[in-house]
Amino acid sequence: MHASPLKIGIAGLGRMGRRHATNLAQRVQGAELVAGCSPLAEELAWARDTLGVAHGYADYAQLLAHPGLDAVFLVTPTTLHADQIIAALDAGVHVFSEKPLALNLADCLRVEKEAARHPKLKAMIGFVRRFDASYRDAADKIRAGAIGRPFLARSQTTDKNDPSGFFVRFAPTSGGILLDMSVHDIDTVRWLLGAGAARRVFATGTIALHQNLRDANDVDNAVATIEFEGGEIATIYASRTMAHGHDTMTEIVGTDGRITVGQNPRLNRVEIADAWGVRNECTPTFYERFADAFLNEAQVFVDVVREDAEPPLTLEDATEATRIGIAVTESLRSKRSVEL
Amino acid sequence: MHASPLKIGIAGLGRMGRRHATNLAQRVQGAELVAGCSPLAEELAWARDTLGVAHGYADYAQLLAHPGLDAVFLVTPTTLHADQIIAALDAGVHVFSEKPLALNLADCLRVEKEAARHPKLKAMIGFVRRFDASYRDAADKIRAGAIGRPFLARSQTTDKNDPSGFFVRFAPTSGGILLDMSVHDIDTVRWLLGAGAARRVFATGTIALHQNLRDANDVDNAVATIEFEGGEIATIYASRTMAHGHDTMTEIVGTDGRITVGQNPRLNRVEIADAWGVRNECTPTFYERFADAFLNEAQVFVDVVREDAEPPLTLEDATEATRIGIAVTESLRSKRSVEL
Amino acid sequence: MHASPLKIGIAGLGRMGRRHATNLAQRVQGAELVAGCSPLAEELAWARDTLGVAHGYADYAQLLAHPGLDAVFLVTPTTLHADQIIAALDAGVHVFSEKPLALNLADCLRVEKEAARHPKLKAMIGFVRRFDASYRDAADKIRAGAIGRPFLARSQTTDKNDPSGFFVRFAPTSGGILLDMSVHDIDTVRWLLGAGAARRVFATGTIALHQNLRDANDVDNAVATIEFEGGEIATIYASRTMAHGHDTMTEIVGTDGRITVGQNPRLNRVEIADAWGVRNECTPTFYERFADAFLNEAQVFVDVVREDAEPPLTLEDATEATRIGIAVTESLRSKRSVEL
Amino acid sequence: MHASPLKIGIAGLGRMGRRHATNLAQRVQGAELVAGCSPLAEELAWARDTLGVAHGYADYAQLLAHPGLDAVFLVTPTTLHADQIIAALDAGVHVFSEKPLALNLADCLRVEKEAARHPKLKAMIGFVRRFDASYRDAADKIRAGAIGRPFLARSQTTDKNDPSGFFVRFAPTSGGILLDMSVHDIDTVRWLLGAGAARRVFATGTIALHQNLRDANDVDNAVATIEFEGGEIATIYASRTMAHGHDTMTEIVGTDGRITVGQNPRLNRVEIADAWGVRNECTPTFYERFADAFLNEAQVFVDVVREDAEPPLTLEDATEATRIGIAVTESLRSKRSVEL
């Protein structure tokens, strides 16, 4: 056990960065948020004033050079992840990075290679569903044999429609809907099925509402099918146009039963009966849905570092999710199935 | 087995009467609807034109005198039930009557006494829940020991609010909300608990919307508690002011589990996810909720007569429901508990 | 309006045939079941003794020659449908046939051609979901704009596992899991999406339990994706190995909401809370799930004939379902996407 | 705003005490757990070793004398609450106490009187449901008019049966099932209905399983009805013998709709479909059900003290809950309705 709290720096203080920073500063046991990094002065000011983070850097290299730094949290644009992870490892610092690891396979492999040179350092990618209490319960039940042999999965990440189409601006650099959103589902089904390598994928999509996605060769609704080498099959659905809220769900079918996580994206335990029927409100965004999971995730990472334990998911897991994400994106664009 | 179909006459061709008439004429096996009785010529014309019921009588005595008549269905005002049942039995005719048997105990006992003089004739009161597939399944499971020893019940009959307050007109003769509506719940909890005699009741109520019920000494929402001699307890809720629909439900708690019938009064298997959340529409009135049960009920009665079998519920059951209904009504009005 | 009841003959008196026969003999208004046809004497005896069907034929041609016959119901093996429909039309008899119309496109087109020569005769294929109250409600809501423009569907037909593998025997002649089971979903999603022609499909599958399906080149679980010319997308799931019951469901996503039919295949309105949690039992087979729909279906067909109305689904609908079913089966076997 | 963190001492380090202590030490912002008090040396050792609480006292007076102490948390036996609250106020220390305030009215009034002498000190009783996200959402919706005028409530606290009957030992000092368990429901329905004084109650109960409760004049299942002066009605159910888990729920009926909190006590978002149907597991005890609420509650108390704000519930609320709890207990034992 690492005797004193981990000294952590965070790079990226946007919406997600502020969440991670708040968790690290206030709720994660064994963590001490000592420094922040952002190109925006007001974000550093926020960290200082709200969380008491004394040190703010505009430059990532300076963050890594912070005296006594043990670990960094990367909540930066995906295109920076690979280089920033490698720089952290080179600086002798443990690293947690938001998903996805990268949008191309070469970057993933570069990171893996560098990590192999630093076997004492932990590197973990934030596939947050692995830290959600319900998903973990499902995984535990499946491992314990509750549904026999799992062989089929269905998983979706669907966002409430933002009429402003804010996300359209990010389409050109997001890697496309399947790399941006479904990479979560890809990791989740691999984990819950206990699947090996993927061997064939098919995907297709449509623009339901946001016609200007066409310019970025993207769609706002897509489905994909993935076959794994052991015969397992997964179907994936991604949407940015739901009317009712953020609706993440996963279903695993086994030879003795089926387990579903998040069938109804209920906001809480409140049910209303009125002129619209019997109804429940829904989680508006992933932010509310996975609030506890983000905290658990950070706690697990901190514990893993302090106890020198194995992270529950590896860089190879992250690479495989990107590899499949690239394949389904290729299928979506080429309109044919793709062999891996 | 009665070789040929039962020749049945029906008295009362209002909304419920037309439903029973249609079932008897078209869907109940072994039944032949041969005559109708109504003071309204247009109701008789409807039966003739729509269902092919050749004979229409304005007078109940004439109906009973219809040649070859085997049985009558009474869908008439409650205040007529006792006399009409007795007249039917005297005429040697089996009789099915809509609930409740009567609004006072003397009438119930008069009917029981007369029935005892005609042991070959069947008399059955229409507690329709006993013929609903879900309620029957619950009863079967309880009898089979699925929840251990049942000891507590909760049951409600709640109607969607009719802003016109149509029902207020009938308040003076309805016997009050607990005799009019809750008599169903009283019979249901007795049946599902397997309870003996009631020994103490308490009730209270309030007017939520329909202030003019005050003139009839009635309320539009009431709750009651019933203790049975074996220690079983039932709580009852009746309402005329629901916003979402007709919501009939019953819950039985036992030493090894709980069975609930109708927790969510879903209209069908459709679920909608939209700006109001995830929701289902509700059964608008008891009419849709119990459509199949009314058919089953008539079929069971016809089978009982043709096979000379025991009716699944007795006149004593109907009397006990009225007896308890009177007691809770007295408690509601006197604002104190009532011993039986 | 056809003044007198339709005189109907039924061919096929197996499990489904007996259901149709019972409905026609006892519950469908305006129908008279006058004759049955089966190669098995005991099936004809059953129809005579139980339903009072006086005439029984071993030969289909004799059934068609029954004096005064208005219509036939075909509940025979799929391989016979095309020829039997054509023979009925040639004999001047309206015809209802169980799904699917045929297992190959040539047969479908032969039937269409023959039907075109008999414009006064009705021919309807039994896609029973179109007559289920919940599916109809969903269709009505979608037509009324409740979910905006529908653009994506998910539909499944999944049977409870039969450990005896009884169905394996029929695999060689069933056309494969997607033609046998998913043809229902294909018709349903076409109907609910209001989709035009399909243009591309992909399918894959796996054997979860019944290894001897391999001999028939079949699987016990399969998924398919269908793209329609208007950009609509449907994903389909078929399984013969569910642990919990028969689970048919369909979900339609539109620009303003989502409608789901049958999310939870609840058996009835009973809910149990015990050591296994809060739970409901499930419909064991399609037989219980669609009991009312089979009755409605027969009633609609009889009404259509008597009122000389348009059937709610056409032979072209049936042909298109077969065409898509063949394409997804080809994809399943070839392991690549198929263009139509 | 209180500039530095509140220095807090905790009295009572049993199961609930350890939860409060952990929250205060690790997760409540603006709190510093500086001292613990317990008669058991091992409990003080736990607080020191696990939470780093440097100071441990066997004596409550010593805790209050801890230098610089701002507030105490009382997680002690109910019989001690009144005296300990008064001592805290006399010592100039803010006080949070677990519910109920006391088991008799005199103690409640003594505390109120003492608190009135210390208007600068905060005293709050831990009715934890007021701090649960779902209950708060319901309260907000009701206040905003979502269900019109609320007029009827149903609320239950039902525990999973403990076959060991552990709780039976505490029956003699618990005040009886209605004071011990239902005091939560009483406070909840008062809060959600916005009700004034109670004017009449009725209660009854039964022993379903634990016969030795008879010696303590207690039962393991009880129901109560409460009428408020504004005409609102509440029914309450308490049970110690549920088979499926801890099932706390509340339903509020208004003139325009109904809001229910916790209809199904689902453990999480996992749903299982297998041989037992479609099902979800349940919260085993109140501990898991209200984990977040206990944290919120402590945070609110700390914020109230630091910001010198009004507590969201008053000592008068706590007194009224006890007053009604005593009345329903009297009714349960006397078998008649009780006027207040």
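The chains carry the letters A, B, C and D, assigned in the order they are written, with residues numbered from 1 in each.
Going forward, contacts are C-beta pairs under 8 Å (C-beta built on N, C-alpha and C of every residue); 3 or more make two chains touch, one makes a residue touch a chain.
Everything quoted here is computed from the prediction, not taken from an experiment.
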{"item": "Greatest separation from subunit A - chain, by CA centre", "value": "B"}
{"item": "Pair with more cross-chain C-beta pairs in contact, given A-B and A-C", "value": "A-C"}
{"item": "For subunit A paired with subunit C, centre-to-centre distance based on mean C-alpha positions, whole Å", "value": "42"}
{"item": "Approximate Å spacing (C-alpha centroids) for the pair subunit A, subunit B", "value": "57"}
{"item": "Of all residues in subunit C, the ones touching two or more other chains", "value": "147, 242-244, 256-258, 263, 272-275"}
{"item": "Subunit B to subunit C touching residues, read off their complex", "value": "26-27, 29, 133-134, 137-138, 141, 146-147, 256-263, 267-275"}
{"item": "Residues of subunit B touching subunit A in the complex", "value": "242-245, 247, 264-266, 272-282"}
{"item": "Residue numbers on subunit C that touch subunit A, as the complex places them", "value": "147-149, 151-152, 154, 200, 202, 204-209, 221, 223, 225, 227, 231-233, 235, 237, 239, 241-244, 253-258, 263, 335-337"}
